[in-house]
Amino acid sequence: MSLRLGAIVDALGGALEGASREAQVHAIAPLQTAGSDALSFLSNPRYQSQLAASQAACVIVGPAMREAALARGACIVAADPYVYFARVTQLWAREHRHEDDQAGIHPSAVVHALAQVHPTARIGPLCVVERGAVIGAHTQLKSRVTVGEHCQLGERCIVHPGVVIGADGFGFAHEAGQWVKIEQLGAVRIGDDVEIGANTCIDRGALGDTVIEDGVKLDNLIQIAHNVHIGRHTAMAGCSAVAGSTKIGAHCTIAGAASIIGHLELADNVHISTNTVVTHSISRPGQYTGVFPMDDNARWEKNAATLRQLHKLRERIKALEQTRKDG
Amino acid sequence: MSLRLGAIVDALGGALEGASREAQVHAIAPLQTAGSDALSFLSNPRYQSQLAASQAACVIVGPAMREAALARGACIVAADPYVYFARVTQLWAREHRHEDDQAGIHPSAVVHALAQVHPTARIGPLCVVERGAVIGAHTQLKSRVTVGEHCQLGERCIVHPGVVIGADGFGFAHEAGQWVKIEQLGAVRIGDDVEIGANTCIDRGALGDTVIEDGVKLDNLIQIAHNVHIGRHTAMAGCSAVAGSTKIGAHCTIAGAASIIGHLELADNVHISTNTVVTHSISRPGQYTGVFPMDDNARWEKNAATLRQLHKLRERIKALEQTRKDG
Amino acid sequence: MSLRLGAIVDALGGALEGASREAQVHAIAPLQTAGSDALSFLSNPRYQSQLAASQAACVIVGPAMREAALARGACIVAADPYVYFARVTQLWAREHRHEDDQAGIHPSAVVHALAQVHPTARIGPLCVVERGAVIGAHTQLKSRVTVGEHCQLGERCIVHPGVVIGADGFGFAHEAGQWVKIEQLGAVRIGDDVEIGANTCIDRGALGDTVIEDGVKLDNLIQIAHNVHIGRHTAMAGCSAVAGSTKIGAHCTIAGAASIIGHLELADNVHISTNTVVTHSISRPGQYTGVFPMDDNARWEKNAATLRQLHKLRERIKALEQTRKDG
């Protein structure tokens, strides 16, 4: 597997310097592990020290690093080296694609006669696409994906194995100590360019639909409950969860294992830290956090025990302050 | 798709007022989004202000709201409007069911010759039902469900896609730095009217069985470890987890992403808040919580740093109190 | 189903006392529930009181418990009774294995012509094994497992239903408010004797590989992100998660629902408590914890509210101390 440097700049722009257009790279690798046949990249100036020492055949750098890169060897100068690197990985994947990645429905998939699958879509092995589901152009269901009745995916979506789109939301009325099922009559509507990680679940709406807007990226093992609405280009990391009817804005990031409870509204550009539990709506952009700091177990035990007395400690401080005032 | 109002009250009781029995509704919708062809409901008196403004063709209300509802238009008066609404969704789903939802084993499912599947059960596409498994009457495995050897499901259960019932529990003995597998020789026994959400896992017992009693409702991506016992009509929300051999009572609710460690016992009517970690047994009904409050990141950082000194702060308060006493 | 006591000690060693080698046991059970046809074990001296009362036909004990055990009835004396018990479960499972557990590829599995599956491996129903994947000797994919392109599993691995090995890691560059996919060009390399629980996900590396060393045990619903490296004989419990490029040492234990953020390094013999969030590297063996202590909801509310003022409380204590000093 290889790419010609000239083919890369022809496809993606940028200026190749210090190497022939005919030179080939046989791998893409980080600066520290790149061999002499590999293309690498420097996106964060913090790692400049790794540049000089790298064995890479060629390094993608920003304009400010051009001199330093040329002092070492060949480089491609690009405005945003990390985005350029991302595009190189796409070029690499495209050049090395197999015929089994072609469009079409794998014979082992179970696709309902009344589902609409675009001819350029790819339905991988052992997927289930139910009645009335719509799969847009160039969208890929990798393998073992379920798309439930009347759920829709837009164009160029990538859905990884084990994903369940359109299972019933978790809705029950309570009657005499028992749960009465609320049938989930809505569906799931997913926009264009959405990527959904392995074993993630997106439930259908109870009455209206669950909505995932264009460009949303969801990692693995995420739970999206019924009637959630996620704004465009929001990204959620693994094991995060959103409870029912919550609306998340555009361009948000939700870090791993964070939870957002139901019936909230988060503004655009809200960033939630790892393992944080969002218990109220957020109207202002910013970074929000709530994580118990890790410690060695013995210290944690002492602090956690004290935490259970925290309100009383506060009363004791108040009393001391009162004494001082009175004294 | 439509339902006749007269057909609804014939099936479910309640008093139809202000509309003809022949009038049709073509949708079920919340008060705020209901169009003039929709049936809606008012279950929480807090939302009474939405009632007057709603375009709904007919609104399900409790007896206390009858006057207010009639002032607006047609209504169905029912003792518990939310339970009535739930039953309407069931009626709706029943009336609009497709022939593909019928009982039977989908040809793509892999069902062992020695599994017992009731003739009224429905085994959906690409399910696996192993040797000796028992699937009760009217139980549905939606698609891509695995039911392991000798595991049993009762009647009228609903199992959503990706569920794994009867994988091995996580049991190992430790010997000279390596793990020695404890074969998991028990099974999983699930009662009647249990619903299990997408990609949820219920492990088989090590020696005895893992038990899920009648009427339990489990949401998506839940982990139930080996030898857990969950009492009847308990409900667990998405991403919650129960470690090995813990016994949860009846009529409990476990909110999303809550964790319960192993070998505990929870009484009936215990309610665990979202993301709470239950580390000791609970013998009294009530609501239990342990969540780090979210804050903006800068404030969180200060408070979290102080939290790591909390025990020392307490000592400082004690010292101050001693000074006061001595002074 | 039964085992002869003589066959057990012939296979596993240990000294059978107080019973005939010809005696049969028909079950393996804990001391408290064992019937008179069952083999049981006492591994923790704390439970010695259960020994005398047990109905078990025979009890596995350590040398120190031999007298107490013989006073009750038959026993097998073994150096480590818990490891011996584990081996008995293995013997039991081996003796009662069905022909459907034999090696080979189930006809419903989708295995690429260019995948390498060892003839002694077992690929269960509805698994997907992609181009270039390698499945080592005696390794079992139970059912509905996906092994992606060029991913490798060693020998004697057990992979439970719903596992996804080799989905794309979650990698994107950010450009003008949108996400640009970084194609994930690495794979997953898994050593020998690794067990992977139901619906767990192990992502392929971005450039290099994600690596799981020999003897690692992963429970259900775990997320292993791209380029993670897990050292040999480390065990992770259900719902735990490791973010990208983190390296975990050998012989670690990660308890349920714990999270480890990306780009960290954990030394060997590090033990992380349940639900703890690891936010920095750990260079020393030990037990590490960070969990908000559960309380009844009313007390939690007061303490959590005070926690949001904790830094200010510390300032107030400082002020009081200053007053004392000045006074």
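By written order: A, B and C. Residues from 1 in each chain.
As a convention for this text, a residue touches a chain if its C-beta (ideal position, glycine included) is under 8 Å from a C-beta of that chain, and two chains touch if they have at least 3 such contacts.
Keep in mind the model is a prediction, meaning the values are calculated, not measured.
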Homomeric contact chain A-chain C: same or different residue positions, threshold half: different
Between chain A and its twin chain B, rotation from the CA superposition, multiple of 5 degrees: 120
Whole-Å gap between the CA centroids of chain A and chain C: 26
Residues of chain B whose C-beta touches two or more other chains: 108, 126, 144, 162, 199, 221, 239, 257, 291-293, 295, 305, 307, 309-310, 313, 317, 320, 327
For the chain B and chain A complex, residues of the former touching the latter: 28-30, 33, 80, 82-83, 85-87, 89-90, 92-93, 98, 100, 106, 108, 124-126, 142-144, 158, 160-162, 195, 197-199, 215, 217, 219-221, 233, 235, 237-239, 251, 256-257, 274-275, 291-297, 300-301, 304-305, 307-311, 313-314, 317, 320-321, 324, 327
Contacting residues of chain C [partner chain A, same complex]: 108, 110, 112, 126, 128, 130-131, 144, 146, 148, 162, 164, 167-168, 170-175, 177-185, 199, 201, 203, 206-208, 221, 223, 225, 239, 241, 243, 257, 259, 261, 273, 276-280, 286-293, 295, 299, 302-303, 305-307, 309-310, 313, 316-317, 320, 323, 327
